[in-house]
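Presented below is the structure to which this report refers.
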């Protein structure tokens, strides 16, 4: 990447045009209305997590198409119903699942509720227990290996339609927990988890959820067109691989992606935000991150926006350094 | 690979034990009985293929679970119903589809009927028209990128159950064409297409089809256990990638694969066969091919078996040289 | 490549200055006059190609320096002398030979004559039968591995002088066949075959041949200077490798290449043309293709020019999609 | 790796001869006596870690040569002097430091004390705060990039002499904490951290510390000779790189390494142990791990030994799965 | 690299701003004054070099911090004290040592004295005899593998402070030899040796040495900031690797490097110079070389400057071609 | 490579059967007789080499087919006719030429005559002056990139027939120099230069030359069959690449190579020898070197044989260390 990408001065000014379909809002209204007809039916089952200081719950709720989506809810040990903890909802990077229950509890260690949502169908890099299927019939229609092109010929069949909806349902699930204060929710995640944080932040106002913040790190799923042109690294490269064979489906795929572009979803977010980007990131190139950052809350006027920049990092980004910054920022948001 | 693999002398004697589940035959009887309840409903629609010498038909038939599977049927231009052409049924390599209709017509050029079956869900390397979906609900349950691990936790949900069944249905479809002599069918294909040729040859007797031959080139889907241990090349490597994350699913995955192992299916084939293998093949290592070759027709006593060996080739194998040998061999089989 | 190359908007306007030696025309006049003194002596020997629908002939003619160059001529089975078929003359990609006779007959399947010329000395990726030697004494003078730098110190000894001449001789050979209409010839090929199509189209007017069309795909051998600076992929990289050692021969090599640059040859073509380019092609970067495309027929005023652009492809370009477009375009040209 | 390495059956029986110098015990007695003359001078300074449930202390103690070595001590929030918590002492993988204080607290979450030691000089992959220097004058003598060959010409100057000593000092430091029960210490770590766990377990008896257990994962620093022959992956490859230049220092380097080989240190361990190995690990090949495992406690007769094997993993090994197994095993050891 | 780097026209004009600390001169005055207090104590011991035409001496002198630095002095066989030979002082590329005494004697073959200095701590790619340690206590403080980041947090502890000082001491050592004319010294070297040639040329005036020339080839250690952004090749990549972990040390590292940047040192040189650069150099990108070249002697007004450009080479640059040019240029300087 | 290759104990016993054609001796007698009819016509032209201590001569002699082959002859400055210096004849590694005249004079520095022969057609990695063409008409017949397969279909047209003959002519040329003692010749070289040293040593007795020694380092061109199976590194990989395409030419190529196999030539050598091998050499695997070493002088009974083994090196082998050993060994041979 290096100087092939824009340098930091140019990134600070990078506000590209990203196509937005005329029926973008209608699409999402219809989508959310469709899933809204399904009972959320959340369940919270306490489990043994080997950890004396943390109580963990196996969470299941109904996502898109009736799929039962899994999550963990971690809270400080002994937290009782009515505790009204603020809750951090975390989405996972591409390939990951919610993982094993003792693997990541940091926001619960900080004293909050911590909900980690499975990304349907994924999890091959982490494994775990009781995975969440992507059991939609359209899941298997022609695609290149990976999830990026599953159903890409039409926005109604695209994989991330189901996943984006799941993020909203996860927020609704968190809000039903007697341990959680439904008025103090915040989303975060890195890479795909960052992209989903933007999606959740962009869709939440549409279902009447007012998030206290969104904190996407090196987010994926932003400015697809440039990303695909700039990098052949996976997972963006899955799109290139698919369109290299299905050459006639380029227009359809580009149309579909425009409904899911983090830039378009970011415009509609209204929560304060803390982004991070890495200048040598070959997976989620910084210009695609800045494109979403600059667009963030453009429609809502929220001006409480920050972006941390890591100059010598690749896709690992700020890692534990940014975790520290995020813990402090969330503490402020929850104060 | 080279000397890490067995050398030719050792390959000639390589007859490994490959686990076969006790209910292998019952599983396939049940599977074939299930699909047999669905109407095959084959359609043959003439299309314009730009080729003066070849008539092509867009073929659709009902495969596993009701999926409408696509194929091409190519015949010499002007072939009329009742012609009774012998038919070569061809399966495609991993990532490929039936492709565009003028892309591969070699067996029709030879004067025969030539049916090329889509592999459901695949096609990203070639593109084409009207792809075949893998529209089973279990298609999207947790897997690593690619099709090798889709539904691998159980033989009933495994992707190749659906595909293997489709190969049998393709044979039945060919047999219904008024241009084809249903008593003169033969299967062939390279890599995945070779694996499917073995599967079709192993399953055909179970539905009363007596093939005139099977000609698998550098076949995939054979002796999974050794393949996964020997190579990290894709697509076998997709299995490793999946089990590296879902560490607790190794026994379930190994059990599932045993129902689909080309070695076990080869044992049950009864048609004469022409294999080919390449000694420097890192994708389908030659020992996995020889394992299937030596097992081939073990249960049926068919002794008309040949294997061509290419000493300096990788997965491309004999390529056009083997095509020439195959054309001659098929001409003999059809004579 | 990606954004390091020009984007499509810039490519549409990319008309670089490419050096042309003052004696370019004199050089080619002298070259063609030299070979013209040799008897073409074409022979057409029918062979068995395993294909019922195609008749194939083993063709031999005298190319540069007396070398006997091989080709296949494929025609619909039963074509008789006097048939007057229009003929597609095809040149091969770098590393390939005319191949085995049943490997590629698509233009004969379309109902035309199809002549495939060997590229002297090449063929290692395909093998075949009775290869064509490059038996010039200057073939072995110092060069880096491959054919790109053989004799590069002087235009008179450069490998492609011999090959470009061979393409003209192939056209003359096709015209002598009693099965072919000498007034309806067309050239095509991909990569090196595309570069040779441009060369043949640029040289044909010089010997009084009026082609009905030229259809180069992702052509090689264009705008050498930029190509070498832009990519280290082979075969352009062979030039870099040679000049990295023979540092003092840079000016001589650049001078030599200017006599063979597809941009300079394209300027002199007068036949209608159908190009194709791929935006992610690291082997023949699209700017080098567009440089030739924009220059094409600049000197002759032919305005029937088209270029197909594949946005997500590498050097495989449009593959079967472009084959379909080409079959339709040729049918129009031959109509 | 795959079948080039031994398969699992062979690994179960793999007990290679590993050279042990005659003065091995004398060397370590002298080494430990030397450092014993230095005041340990441990300090424990509470810090803000952003975590409500965990109290963290910045720990500093005097290691080899007077170097002030850093560590974190994490305990459940509110733990008071005299609590007598059992303590897990963790060593880090090559390239890592103790990291940032909120990055890894899992054993404290389990209810125990958790001490994480810096590896002197390292930390470039994680960064952190107040790094530990390797401020010995011999640190900079000729070596290849990395720490593996620093001072390798003589066991007295070798880098790991200093580090192995630090591990013993870390145990002594943990024992001085008023929060910790000095009779309930246990060591663990992965990769280099695994190698250091073996070293600490092998040296602890020499200073009168009786560990309750050692849990090395995919340990590094074992059977150097085979490791260097089997893999060119780093960090073992640093040794190859060094000896490729300093060809005359092979005997000296092999002698030095014999004093630090995990196989020789394992022989002297007396605590129960839980190893893990991964069959596709190219960094710490499984045969080198099994060599240490089989040798473990050979001299002391401890028979409470287990090894977990991950069949499809590389150097990531069992990851969170093995963490779960380890948490359960440690709970048993501390019960 | 290719067109991502600047092209030759742009390089000819490339004069970037490179930060120079306000106390740059004070830092180097203090540094040189510090080492000046140490006795140089040069020794010259004749050795057997297997070469009848060359006499070689094992040279040792006191460098920074008292380290005894090694060098070879080669002269024509039979040269006697008082000969007053002009002397070429050569510095080595990264990873190399002075090597074995018969490995490189070219300037002695030309009839001059030839002194080759060890780079402290290095030598792993060549080996040799009696290596030079970097036995400063700060050598081992936290760094990423390699020497580029050793002590980078502060200019006083940075590795190249010690090495740059050694180059001045090597000049002073050469001047003490009874075989050498102390008024006719010249420095050269490639890559790191080129960077050290610039450093020596920039520092020499500060200690009253007037060099007859400096001849850096493809010099390293110039315009660090751009180099690190432009290439991830090693050794510049070691800096990126370090700062990717120690994210908070970016400002400190950039400040440190500004004291050692070849651009800043070049400004202060006053000797005639012959640079060389390679346009496809991924290790020392040509823009970083041109940055130093254009800055060279900016403060002193020396205008006798030349740069040779190799258009098709990577980091090997002009190799033997430039050696020939350099021999001729040095002969002129010594004439 | 590592443990895939044989370990040192096995190498010490490795004496494989290598096929030798029945007419091997007849072939070489005929070949040498053919060239013997051509006038050697050696010329020695003094040139300016920039080196005061060395006199260099541009040497030209007639090699196979009348090609004028180039060489350098270096001697101590001032050597006069009749000096009767012993002479080291050096052959170059694959890709190299005799190079520039000041690039390598080590054996002249040792006080001897030093003749360096061009390898016809090669030199792309070094460049140089007045290259030696391989101007045989068969040089350009079909081959894969590189020289390994040029004319491989028949021993009479194979490239190395011409080169092996050139080595004998170089010996004869050296013997004609008035500066050289024709009775004291010795051959050496590394990689291809090592293979040519073996060839020259094996052929010299056939023309009545009694060499004082041969010193091949990590020799190439030995035990082709195993080499090709064991490594895909170039240049052996060129053979694989060729036979992967020209699948039907495997027997012809293997027959041709048997006339040029260093194992068969080594058998016939009668001079004392000093080999070297590197255990991690992926280019010339050590088993192929040992195969030649063990066969060396099998037919002549010469027992003065040594082999140096470098345990941690790749194809660079012993480098300067082995140069030192070789200088000492040659000094003994010439004493």
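Each chain carries a letter (A, B, C, D, E and F) given by its place in the written order, and its residues are counted from 1.
Throughout what follows, contacts are C-beta pairs under 8 Å (C-beta built on N, C-alpha and C of every residue); 3 or more make two chains touch, one makes a residue touch a chain.
It should be emphasised that the depicted structure is a prediction, and the values quoted were computed from it without experimental measurement.
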item: Fewest hops from subunit B to subunit E - one hop per pair of touching chains; value: 2
item: Equivalent interface positions on subunit C and subunit E, same or different at half; value: different
item: Greatest separation from subunit F - chain, by CA centre; value: A
item: Inter-centroid spacing, subunit E versus subunit A (mean Cα positions, whole Å); value: 51
item: Intercentroid distance (Cα basis), subunit F paired with subunit E, Å; value: 37
item: Shared interface positions of subunit F, touching two or more other chains; value: 4, 126-128, 244, 247-248, 319, 321
item: Full enumeration of touching chain pairs; value: A-B, A-C, A-D, A-E, B-C, B-D, B-F, C-E, C-F, D-E, D-F, E-F
item: Subunit F partner contacts - residues on subunit B that touch it in the complex; value: 2-4, 7, 280, 310-314, 316, 318-319, 321
item: Touching residues on subunit F, where the partner in the complex is subunit E; value: 50-54, 76-77, 99-100, 102-103, 105-106, 108-111, 126-128, 319-321, 323-324, 327-328, 331
item: Residues of subunit C defined as touching subunit E within the complex; value: 4, 228-232, 239-240, 243-244, 247-248, 250
item: Subunit C-touching residues of subunit F, taken from the complex the two chains share; value: 95, 97, 120-128, 131-147, 149-150, 238, 241-242, 244-249
